[in-house]
Every structure is written in structure tokens, then in C-alpha cells.
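The structure appears right after this line, and notes come after that.
The first chain written gets the first letter, and so on, giving A, B and C; residue counts start at 1 in each chain.
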Amino acid sequence: MHEPHHPVQASYLRMTAQEITQDVIQRHESPGRQFWMVTSVLAGLLGLGIIGFIILLSKGFEDRNAWGYYATTFAYIFTAAQSAVLISVALRMVKAHWRRPIARISELFAAVGLFTFLLLIPLLWVLPVTTGRRSIWFEWPGHSPHLWDTLALGLLVVCGLALLYFASIPDMAAVRDHATGARQNRYRRMALGWQGSLHQWKKLQVGISLLGGFYFILLIVVHMLISVDFAMSLVPGWKDAIFPAFHAITGFQSAVALTIVTMSILRWKTSLRRYIEADQFWGLSKLLLALSLLWFYFWWSGFFTYWYGRQPAEQSILKFLMFETYKVPFILAFLLCFVTPFVILMWNFVRKTIWGPTLAASIVLVGTFFNAIRFYVPAYSIEDSSLHFLETLPPANTPGGVDILIIIGGIAGAVLVYMLASRVFPIVSTWELKEGLLLQRVRKLMKIQIKVLAKPE
Amino acid sequence: MVNERVNHKWGMVVDIDRCTGCQACVVACQAENNIPLNTEAIFRQRRAIEWIHVERYWEGEFPDVKARFIPILCQHCENAPCEPVCPVYATYHNNQGMNVQVYNRCVGTRYCANNCSYQVRFFNYWEPVWPETLKNQLNPDVTVRSRGIMEKCSFDIQRLRKAEHVIEGQRGERITDENLREGNFLPACVQACPTTTLVFGDFNDPESQVSQMKEEHFVEGGRGYKLLEDLGTEPNVIYLKKVDIHAKTGVETHA
Amino acid sequence: MQERVRLSDAQINRDLLRSIFETPKWYWFLVAFLGLVVLAGFTAAGYMFNQGLGVTGLNRPVMWGFFITNFVFWIGISHAGVMLSAILRLVQAEWRRPATRAAEVLTVFSLMTAMMMPLIHAGRPWRVMYWVFPYDFARGVYPNVRSALVWDPAAVFTYLTSSILFVFIALVPDIAVLRDRTTGWRHVMYSVLSLGWRGSVRQWKLQLIAGILLSAIILPIFVSVHSIVSWDFGTAMSVEGWHSTVFAPYFVIGAVHSGVSAVVTVMIALRWVFKWENYIRMEHLDALAKLLIVVATGWFYFFILEFIFGLYSLEGPEVALREMQVFQMPWTALFITFLLCAYFIPVPMWLIPKVRRSIPLMIFTTILVNIGMWLERFIIIVPGLARKQVFTFTWGGYTPSAVEIVIVIATFALVSMLVLLFAKVFPLIPIGDAKEGMILYDEIKIGKVMVPAVMREE
């Protein structure tokens, strides 16, 4: 734990504020040819997805079973991208200094919210009314989930975008100061007259923490609404109080994994090595380990209560979701969301590398996809949601060609939106780095170099 | 003489249609099983011990309400929720389909009572006392339970053991409904029931009355049902619905 | 805004050992008073053993009442110790330093008290060994491992053992300090307990490694203990109000909520009693209150999940249970008090920075939280049993008897008395930790101001 000569990370501490700004802004201006190549490939894949979507649409909304994988794609993108914003919010809340270089990387996922929202719209026609079946809307009109879930997700997306925009204002001002011509004009308008006065900084801080707190609460609410309305309440007899919390945990888990993977792609393909270091991977991999353990804990609490009770209604749910019909996605999710990341990340020396967290995070991203499959596909494969409990289990729905097109297109679309958003907002937050320069010092204590962190409050 | 043991599965059929709510079964059980006296004070404390008790409930909506009686006793569930939760194995399932209570093992955590869906497990909150005049009435075949332990309906296992001993062991015959009745081996409540609401027998014996009643009534639209069937406890006590003489069709009962 | 004063090592020793070397008169009065209450509790328990459980208010539907509520409550309090020491040690939170020992000691004593509850509530308490110990004695029957009641003692005793170890490991350097300052039989006692501590680099290193290892090991135990306690209820499928999948995390986070609040109460009491103003500072209360806001809100989220999904299927017993909890007196009053105490009064108050730095308000809010959390367990346990299934004729109620009330009050006195007695023998603020905090304290000049700072190997 405490090696005597642990190298002090955060090599940006050896730079000056001007150097940091120069470096990041320059990168922001010229992304390079590879960037555009990747975006065009992604656009092509998205096109395939749209073709798939049109085929699906032509079949109509009546056959809910056909929409299972579409719902999965929506849920997967929602859980990963919308929760990713939370990484920066949470780390900022606990004042973790190592978050500074990666805060924007996770915040940028707020832009994907627009795409998530688009994906939700067709699902509203697929979702049956709540009349005559169990739901968290109890005696409310049957269309309540359609209305409130849309509003809540919309609000979440708007809130995320506002947070992203707000937290980037100083950086956009920096771009403005370094750019010329039309670009300067554009960023002048976007920077909203940022001058960096004390008053402005105070407003920014308050705005960020308020939006962050609001986003946090809203995200938990939306997780609850979507997990119950779009999955749990469609399966008769499935009454699992922990499910919304479990859904949120898988969201956080995929969010951390997504941030780690994005970080290592940036490290690998761009020259941001100086900012994204083992420190960040170490911090996030500890979180990922904790969340993988929580994944198991929440799953176990739900599973165990059902399994021990031996009630027929609950047994049929276990059979349906875990042990018979959707056995394969469950086992894959269990292995990829819990077992493998746990085995990889339990070692501190692995957590301190770059490859270890990256490997575990990629595995978790695949795992959370299967995790989404095991909830959403079964939910849409049930014809009559108003039954008392599942007496006969419907057959498993395996993905067809259209489903695969939609999955690929959906994920490609989300990545595309993210990449385009990174053209608008610099992907490394320079003002947070510069704040870090103020609050951190490297000093010598006895024989070792040690970081000194200021606690202004 | 090695006697091949017949595997019994004791059970009961309760025909609600015949129950008049006379409480004879309750009294018989009380006398047979050395159950402490349920005084008024104890009733008020909600600590009365009645291994079988007749409950009254209301059926239908006002003004079309009907009072109904239902005798409730331990359901001897095949899948009993009370069994796995006992930390000391004081309650377990024996190989005759009965849920039995071992008084000596019980330490009185009362977890089984909490986890019993039918609420037919009773705890001895007080040391049982009998007036001098009743002491000679105590049944020597049944343990007097001390305070601090759980007890519940045993299907009068002392009589069944005697039946096995006498009928199977000594006479070498098979136990049937007839020789159970003739030898006074039926549970006290069944013996005492004047309307034959309670029918006791071996579900493993296809000839027995209970097996035949089960076969007759557990059909689509039949009268047979089990209490709280949704919980999947699979009781060995089955009930037959009350026949509603005023309802000509099924529709009217729901009106 | 930190009110830190640079203190010399000698000053720290003098201050923190004050509780051991100086005994004010009120101390013995207080101990004697608490002792009397504890005695009353033991007398009540003795009476109960003698007469049988009839002297309680328990009855047929409600077989568990005050004792089990109190058991869950004290298990909950015990969670603060590990939450504060282990997690904060692992994340190297600087403000944990004065809080850890008090929290750990509270863990140990509240666990002991908690485990007494189910034992005395058994019908035949003289036979509980058959249940608690995994041994077949002369009966040839091992305890039934399928029962959640067997997991309970297993989990609690594991937790107790590891917490005692945890306290002891952290205590060894402080005991050595005491050894060097005492004579006579106390010197002998401290010498034995200090395990030959000389303060060499190797010893410090071993102590540090042991502390970190124990922190990491104790965390899963801490989660498991309250999860298992919650499964006493969650696995009971016959009780509609208990059979909820959310119980494990709900109980764990509720435990942390009440436990951390209790630690704040204890810390404030210590600060006042032993005049440790230089050690337990406003910034510590501030940080703890902020932590409490997060924990309380997390707990509230799980409460909402529990409540909504308690009603989700709208089946008879579910609706009846919630109706009893919310609309039937006296439960309505309890329910409202519970919500106000556990969340709606303290949390908005903690949002105000001035409250977080006010001693009377912090002690007020944290005591409120524990009143609320005690009621929370009561409201889960009793109405759940009183509205178990659809048979209305088995529904009932519960009123605690005087015996139960006395015993519950006595447990509070017992824990307070044990903590006070502990303070007489060992320092309640880790001396080594306080000194380390002084060394790692630094200042950074930002612009024109000097800002307090800490050194850290991140």
C-alpha cells in the first residue's frame, strides 16, 4: 500500500497554466485525419442501424417481442452514457483532485443524452398502458409512464447538457482567446462573456454544484422510472424492490467502465498522456472494483430473497430471468460484470497499470450489455402483462439480423454523438487543471516526494 | 418378524360445507393434547393456544353478506416455511408428510411462528397450570409443554404411532380408514366432529376416503382448494368450498 | 476555516490521557447512576426469566417486538465503527482521526449489547447455546444452517472478534504510552497489553499494514452482518411486509445512518466531558454532517423503494399493512415522528453550514436521527407481523410491557457505561493518530492567503 518511493503522479503539476491552455486548445483545434475517418465509419454504421430501425418500424408496434433488442439498446445507452456524467459530478463532490484531467471526458457523455432521448420516442408506442397490470403508477391513468418517463428523461438530458455547457464556459472562453475569425466569433457567443472575474467564478461554482446535485437525484429517479416501467412492470409476478437500485448500480458500473475505456483510447490515439495517467486509472479502477462487488451484492440480495422464499410466483421469475429461459445472458452478465472484473481488479498492482483497468472496463462494458439483455428482452417477450404471475414461461427471444443492425447502429450512433460533441467542447477541462495547479504542491518529506493538498474550506 | 413399513402420508380434508362452527373439535383437541386452559385473561392477551380453532369470516359485499366458519389447524405443509428457519431443528418434516415439533429441542426463538403463513403455531408464554380437579384428566401419552416453547397441531401423532404399533406391528394388517376408526386412532378433532367436516386419512392409500375426496373435488370447477395456495406451501390439509344454495349460477355469487 | 492549533507531542499526551489520570467526582456519580439503570434492566430480565415471556407484551401475531427492534438498532449503531474507521482509513480521509477510536469502541460495546437481545428474548434462554454455537453437544443435532437465525450469531461474533482486534491493533502504541506513564499493577497490565511496543520503524510498519488489512477484511464482514440481520426478515416469505428484496442494502445504509449519528453524539459528549476542543473540532463535525447528508439521502431512497414496492402489487395484506403504518393510531404518530426525526428535520438542518458547526444543534439532530431510526425498525417489525397474510382473524397489535421498556432503556445505559469505563482505562482519541495528523499538516500559500493543507500519498 505504502511504497516508500511511490512516484508522485499528476505530471501536469510541473507545467504552467499557460502551457496547459496552449497544449489543450491546440489539440482541440486540429483533431487530425483519423478522427474524421472514424466518424465517417461510425456514420456508416449508424446508417445500417437506421435501415434496421426502418425495417422494425414497418412491422408496426403491435408485436412487442420484436422490440426487445431495440429496448435493450436504448437501455444500454441510457445506463452507460447518462450515468457517465455522474463520475465527474461525484468526484467533484468529494473533492478528489485526481478527477481534474478526466472530469470533462465523463461530462461529455451528457451530449449522448440527445441520442438516448431519440431512441426513447418509438418505445413509447410499444409500451402498453398500465391499466390492469401492476405498475408504480398505481391508480393513475394508463398513460402515466409514457408522459412522466419522457418528461423525466427529457429533463435529465437538458440538465446534463446544461451541466456540460456550464462547466465548459471557462474553456470556451479560452478557445475564444486563442482562435481567430468565425471560430472566435462562435466561441465568443458560446462563452457568454466570460472574463474570469471573482463574481463569475463564484456563480460558476454554485451553478456546477447545484446542477450536479440535481442531476444526481434526477438520474436516480429516471433509473427507477425506466427500469420499472420499461422492464419490471411488464413481467407479471416480478416484484423486486431492489431492482431500480440494481439498475442504477449497473449504470454507475458501466459509466466508470465507459470513462476508463474512453480514457485509454484517448491515451492511445491522442497525445493526452501527460494528463491521463495511472493515477486516474487507479482511482477509477478502485471505483470499478467497488461497483463490481456492489453488482454482486445487489444481485444477491434480490436473488436470495426470492430463492429462499420458494414461492411459485418468485420461482418462475428466477427461472425465467436467470435459470432457464434467459440463462445465457445471465451467466454472461454474471461472469463479465462481477467475476472477471473482480478477479482482475482485486490486485493493487493491476489497478496501478493502464492495461489492467482498461481490460476490466472493456469486459464490464460487454457484461452490462448482456445485463441489459437479460432484463429488457424478457420483459418484451411477454404478451399479457396483466397476469397474476408467470405460469408458463414464454420462449427465449434470440436476436435476428434486424436486431443486430439496431444494436450496432445504436452504439455507433452514441459514439458518433460523443465524438462530435468533443469537437465543440475541449475534451480536457483546462480550468480544473489550472485550479489543481493552485491547490496542489509537490514537497519533500524526509526522503520522499509527497503531494500536499490544500483544504480551503 | 420383519414388517415392511408402509409409507403413509397423513392428511385431512375439511369440508367447509358441513361445518356448523360447534367447536367440538376445539374442545376435543384441548382435552387430548394437554393444552393449557385458555382463560379470559389469556384470550385478552391474544395468547390463547388452540391447535385447531374455528374462525368466522364474512363472505360477500353488504347487504349480501354471509357468515362462514372455517376450522384452521396446522396445514402440515410439504414445503413448510416454518421448517428451514428454526435454528435448532425443533421443527422438521417427517417421512409421513407431517410437520412435527420436537419440544425438547425448542429454545423459543418464535421465528417459526413468524414465518407460518397460517398462524397455527402457538407459543407458551406462561407455565401451564391446571386446577387440581383437572390434573387427573391430563393425557399420559402427551408431553406437557413447559413455558418458552412452541407447539402446534400434531395430527395426534401419539394415536398414529399406537395405530402403527397395534395394526401394523401386532396384527400385521394395513392401516385403513376402518381400522383407524375402530381402534380409536383417529385424531381427537376428527372423532369429535359431529358433522364429519373433518376427514382424516392416508393420501398414499388410494382406497382412503381422503384420497377419493381429493380426486373427486380437485378437478376443474371442483370444490377443492388449499389455503394460500399462491405461497406454494403445498399443505396436506385440503379444504372443500361451501356450496352456496342461493347461487344458481356462478355469475350470481360475484354480483 | 480550520481551527487547528499546532500542539506539541507532550501537550497531546497530556490532553488525551487526561481521561485516564484525572477522575472528576461527577464521573463516578455518572457511572453509578448508569450502573443503577443497568441493574434495573438485569432485574427486569431476571424477573422475565423467572416468570416467562408472558410478562412482555408479545402475543400471537406479534411474536417479535421491542427486543428484536432493539437488537437491530444496536447492530445498526455498531456499523458506524467500521464505516468510519475502515472506509475513511482506506480513503485516507484526514478528518477521521479523532473519530475512529470512539466509533470502534462503540461498535464493540453495541455489538455485545445487541447480541444479548435475541438471547434473552428466547423462550428458554438457558438453552440458547444449542442455537448460538455450531456444536452438537450431547444431542447429536447441529444448529440448522438453513436458518437465518444461525447466520446471525456467526456474523455477529465474527464481526465482534474482528472489531476487537481492530480496536486493539490501533490501541497498542497508545497502551505503550500509558505503560511508560504508570506504576504498580497498572504498569503491569499495560506492559502485558502493549505487546513489547517500542515504536520502532518495523513495528509501526507492521501496525500500519495490520490496520489496513483489517480494514479491508472487516468491510465485507460489516456489510454481511447487517445484510444477514435483514434476512431474518427478508427471507420470511410468510410476512408480506418483510419479504422484500431491498432489505439488505436498506438495513445496511440505515445502520450507517444511525451509527454515524451516534458517533457524532458520542464525540460531542467526549469533547465536552474531557475538554478535547483542540482535537474534536468544528471541521470534524462539519465533515461528518456532510457525510450524514449523503448517507441519509441514500437511506431515504431505499426507504422509498421499500415503501413503493411494499404496495406495488396492491394485494390485501400489503395495503392493510401500509394502512396500519400510516393511518392507524398510534402508528400514524410513530410514522410521522419517524420520518421527521430520521430525515425531514435533520437533513435540511445539516444543509445549513452554521448548523453543521454548532454543538447543540448537532447533538440535537443526531439524537433525533437515532430516535427516528429506532422507530423505523419498530415500524417495520411489528406492523409487518400484525398484518401478515390475508386472514383478517389473525391480525393483531402490540403494546410493550414495562419489563420490555426497562430492559431497552437499560441497554442504552449499559453502552454508555461501558464507553465511560473504557475511557477510564484507554484513551478514546488515538494519540498516535493525532500526532501523525500534526506531522502531515501543512500550509500552502495561494495568492495572498495561507491555506491549510495535508500531505498525502495519493
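The rule is simple: a contact is a pair of C-beta atoms (placed from the backbone, for glycine too) under 8 Å apart; a residue touches a chain by one contact, two chains touch by 3 or more.
All values derive from a computational prediction rather than experimental measurement.
Between the chain pairs A-C and A-B, more C-beta pairs are in contact across A-C.
Taking the mean of all protein C-alpha atoms as the reference point, the chain centroid lying nearest to it belongs to C.
Here the CA centre of chain B is 45 Å from the CA centre of chain C. Taking the mean of the C-alpha atoms as each chain's centre, chain A and chain C sit 35 Å apart.
Between the CA-based centres of chain A and chain B the separation comes to 57 Å, rounded to the whole angstrom.
For chain B, residues that reach two or more other chains under the stated contact definition are 81, 84, 231. Within chain A, residues 308-311 each touch two or more of the remaining chains. Among all residues of chain C, those that touch two or more other chains are 235, 237.
Every residue of chain C that touches chain B in the complex is listed here, in rising order: 51-54, 56, 58-61, 63-64, 118, 121-125, 127-128, 130-131, 139, 141, 143-144, 146-150, 232, 235-239, 385, 388-394, 396. Listing the residues of chain B that touch chain A in their complex gives 79, 81, 84, 230-232. Interface of chain C with chain A (complex): residues 1-2, 94, 208-209, 212, 223, 227, 231, 234-235, 237, 243-249, 301-302, 305-306, 308-314, 442, 444, 446, 451-458. On the side of chain B, the complex with chain C involves touching residues 45-48, 55-57, 72, 81, 84-89, 105-111, 113-119, 122-127, 146-150, 228, 231. The touching residues of chain A, when paired with chain B in their complex, are 308-313, 315, 388-389.
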